[in-house]
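There's a structure below that I have some questions on.
Naming follows writing order (A, B, C, D, E and F), and every chain is counted from residue 1.
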Amino acid sequence: MVSVIRKAHFCASHRLHNPAWSEERNNRVFGKCNNPNGHGHNYTLEVTVTGDVPQETGMVIDLKVLAEIIEREVIDRVDHKHLNLDVDFMQGIIPTAENIAIAFWKILAPKIPSGKLFAIRLYESENNIVEYRGE
Amino acid sequence: MVSVIRKAHFCASHRLHNPAWSEERNNRVFGKCNNPNGHGHNYTLEVTVTGDVPQETGMVIDLKVLAEIIEREVIDRVDHKHLNLDVDFMQGIIPTAENIAIAFWKILAPKIPSGKLFAIRLYESENNIVEYRGE
Amino acid sequence: MVSVIRKAHFCASHRLHNPAWSEERNNRVFGKCNNPNGHGHNYTLEVTVTGDVPQETGMVIDLKVLAEIIEREVIDRVDHKHLNLDVDFMQGIIPTAENIAIAFWKILAPKIPSGKLFAIRLYESENNIVEYRGE
Amino acid sequence: MVSVIRKAHFCASHRLHNPAWSEERNNRVFGKCNNPNGHGHNYTLEVTVTGDVPQETGMVIDLKVLAEIIEREVIDRVDHKHLNLDVDFMQGIIPTAENIAIAFWKILAPKIPSGKLFAIRLYESENNIVEYRGE
Amino acid sequence: MVSVIRKAHFCASHRLHNPAWSEERNNRVFGKCNNPNGHGHNYTLEVTVTGDVPQETGMVIDLKVLAEIIEREVIDRVDHKHLNLDVDFMQGIIPTAENIAIAFWKILAPKIPSGKLFAIRLYESENNIVEYRGE
Amino acid sequence: MVSVIRKAHFCASHRLHNPAWSEERNNRVFGKCNNPNGHGHNYTLEVTVTGDVPQETGMVIDLKVLAEIIEREVIDRVDHKHLNLDVDFMQGIIPTAENIAIAFWKILAPKIPSGKLFAIRLYESENNIVEYRGE
């Protein structure tokens, strides 16, 4: 069993806001991230797939194939978008890094053609990172 | 003469759009960056100040002071903001990295207490960088 | 369950030295790190907290709160300090990266207000890293 | 139990090619990586060793010793080499990152003098990473 | 006048060898880089274009266009190639980083549609970098 | 004319302190950097040498030779040292990054065997950088 990690990048804007709360509570909990016009990030996504290494290819998964899946299923739907306003699978979800990682897991897990999805790691900035392992 | 470079970070959203143009021309020139709801970046700013090194301090400029000036004059006004909608000094300007760098130069140049502002470098993403030297 | 990782930075000096040993043995084991006047590093600290993601916030832990705890409990006590001479909780402990990570764990584990401390990772330099998971 | 991670670097060329396959199948599976004259990478290797921290040294393993073992057993045999043509322990193995990591594990695991080898991580490029834990 | 820097990446193998010299002299001057089967790198290329910033676009040059030019004129011709054996414009030239940078300059300078090529910077590895400004 | 940049690394401790000043003034100007027991950094040094590219080598300067000069003349004298107490050429000089860069220039400029020293860049931390060009 070997793990393969593929990175991808996207930039997007978002706003952290719970519509069920008062503006005062939103500001207290989400602070600057509650700015009505939103703000944005360059996100880095790391997708880890774990599996056996067949002798005839030496590869857990063809990285070109994995890269294309990540691009088509996830990156194309969030890159240069507003996560709250433009992305169908984030509707009704507060777009924290935690929730984005969980949403990406749900999309990608059934699409991996060999090996199994093991982790989704998302860098929202240099200093803020989340990781979800589907458990 | 020694140059001192101080880095700072902010995250913001923006939209590249020329209101004098048709939507079709905006899309052709600005592509995904013309998304109506905007998108965002983690920007890295590098401010270079050049000057003499006084023997009694060994410093072109006190980096604590330079960091505070950058924070107060620039970062606090753009961090977690929408550059088109929330930032007074970007009104009427297309917020490309080039124009942000020029705007930062105009704000910072008269505020440097020792040495002279030499360059503003702005990383919009890992692969896209601009630099302005006031000429 | 999602893991959230927050980075912080500090710079400090230290000396690797076991007072129970001869100078010759200290030099053999610790080499250049036994320099009597010490040497220093820019340390990078990564604190991982693991927990559930409540629907109303979408956050394992408020990163502002986590950042403040790390700053107050750890960074303020070691930044710009000599770990052997200036830091109370390192007295009587050889300040290797391993021991610093363990000491940080003991301080931070009881202070995490939501989720649980999962890992302390400490980068002493680009090439030397340690990780402690409290086991 | 603490984990210690030591990084090392090497540059090498390789070709992904299965001699039991037709050229057409090699091109379909390995694409540009099947270029007959090869291509190359700056590889980054991370070796993780896990163990107890003896009180008298504060170190899982002496990092100077670990660095020397990595250099002598692995780096010296692959650095500035063609992995298919110049490296004895890669003969008959397709030199994917997965297979290089497994080969390094087999070489290094019996050589670690204190603690146990826990993981071999290999960065083939900024975006492509593999990790092997010997299971 | 603002400078715009665009990064691109490629991986390639090469051999430093002067066919007019004895093997002994090649080994003395080029050392491990003279390995007959070659070795390789992940190269990072930075292309700097300097020019005016038109008010109606706010861009020295459209970065999408610049990225496409770099990809088509340079990256596609060297990526996953052996620089000595597979690349027409490197024939008869020792493929040091210096010579690769000069060759890229000659190719790219006449292709820049707005602004002027100002610098070609090439990272052969983390620690070895060259820059050419066409003078 | 091509510029070649070689990076090197060292870790050291230092204290910013002017013995001609009162403790109060030292604290006001140098803040935490005036801690009596010192603090430390992982410094990154970039040495730029500019020169012609001879056809028979394709190299401004042999990077192995440049790396050895930097190691012997500079790194070996500061690595794992206290800059104020252990380094002869820093005696009587406040060891700010500016002054370290100037001191390195004076040592290295006469030792460069081909091409000319063009710049010394010193990274004291991720966010604080200085550059000296000998003027």
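What we mean here is this: a contact is a pair of C-beta atoms (placed from the backbone, for glycine too) under 8 Å apart; a residue touches a chain by one contact, two chains touch by 3 or more.
Treat the numbers as computed from the prediction; the structure is a model and nothing was measured.
Participant: Farthest chain from chain A, going by mean C-alpha coordinates, please.
Facilitator: The most distant chain relative to chain A turns out to be F.
Participant: Only C-alpha atoms count here: how many degrees separate chain A from chain F in terms of the superposing rotation, rounded to the nearest 5?
Facilitator: The C-alpha superposition of chain A onto chain F needs 180 degrees.
Participant: Could you put a whole-Å number on the gap between the CA centroids of chain E and chain F?
Facilitator: Roughly 28 Å, centre to centre.
Participant: Can you pull out the residues of chain F that are in contact with at least two other chains?
Facilitator: 126
Participant: So that we know how the chains sit together, what is the shape of their touch graph: line, ring, star, complete or other?
Facilitator: other
Participant: Determine which chains touch and list them pairwise.
Facilitator: A-B, A-C, A-D, B-E, B-F, C-D, C-F, D-E, E-F
Participant: Contact residues on chain C for chain F in the complex?
Facilitator: Against chain F, the touching part of chain C is residues 9, 11-14, 32-33, 35, 37-42, 79-82, 85-86, 125-126.
Participant: Where on chain C does chain A make contact in their complex?
Facilitator: Against chain A, chain C makes touches at 1-8, 46, 53, 56-60, 62-64, 67.
Participant: Quick check on the complex: what are the chain C residues that touch chain D?
Facilitator: Counting only chain C, the residues touching chain D are 16, 18, 20-21, 29, 31, 93-99, 101-102, 126-133, 135.
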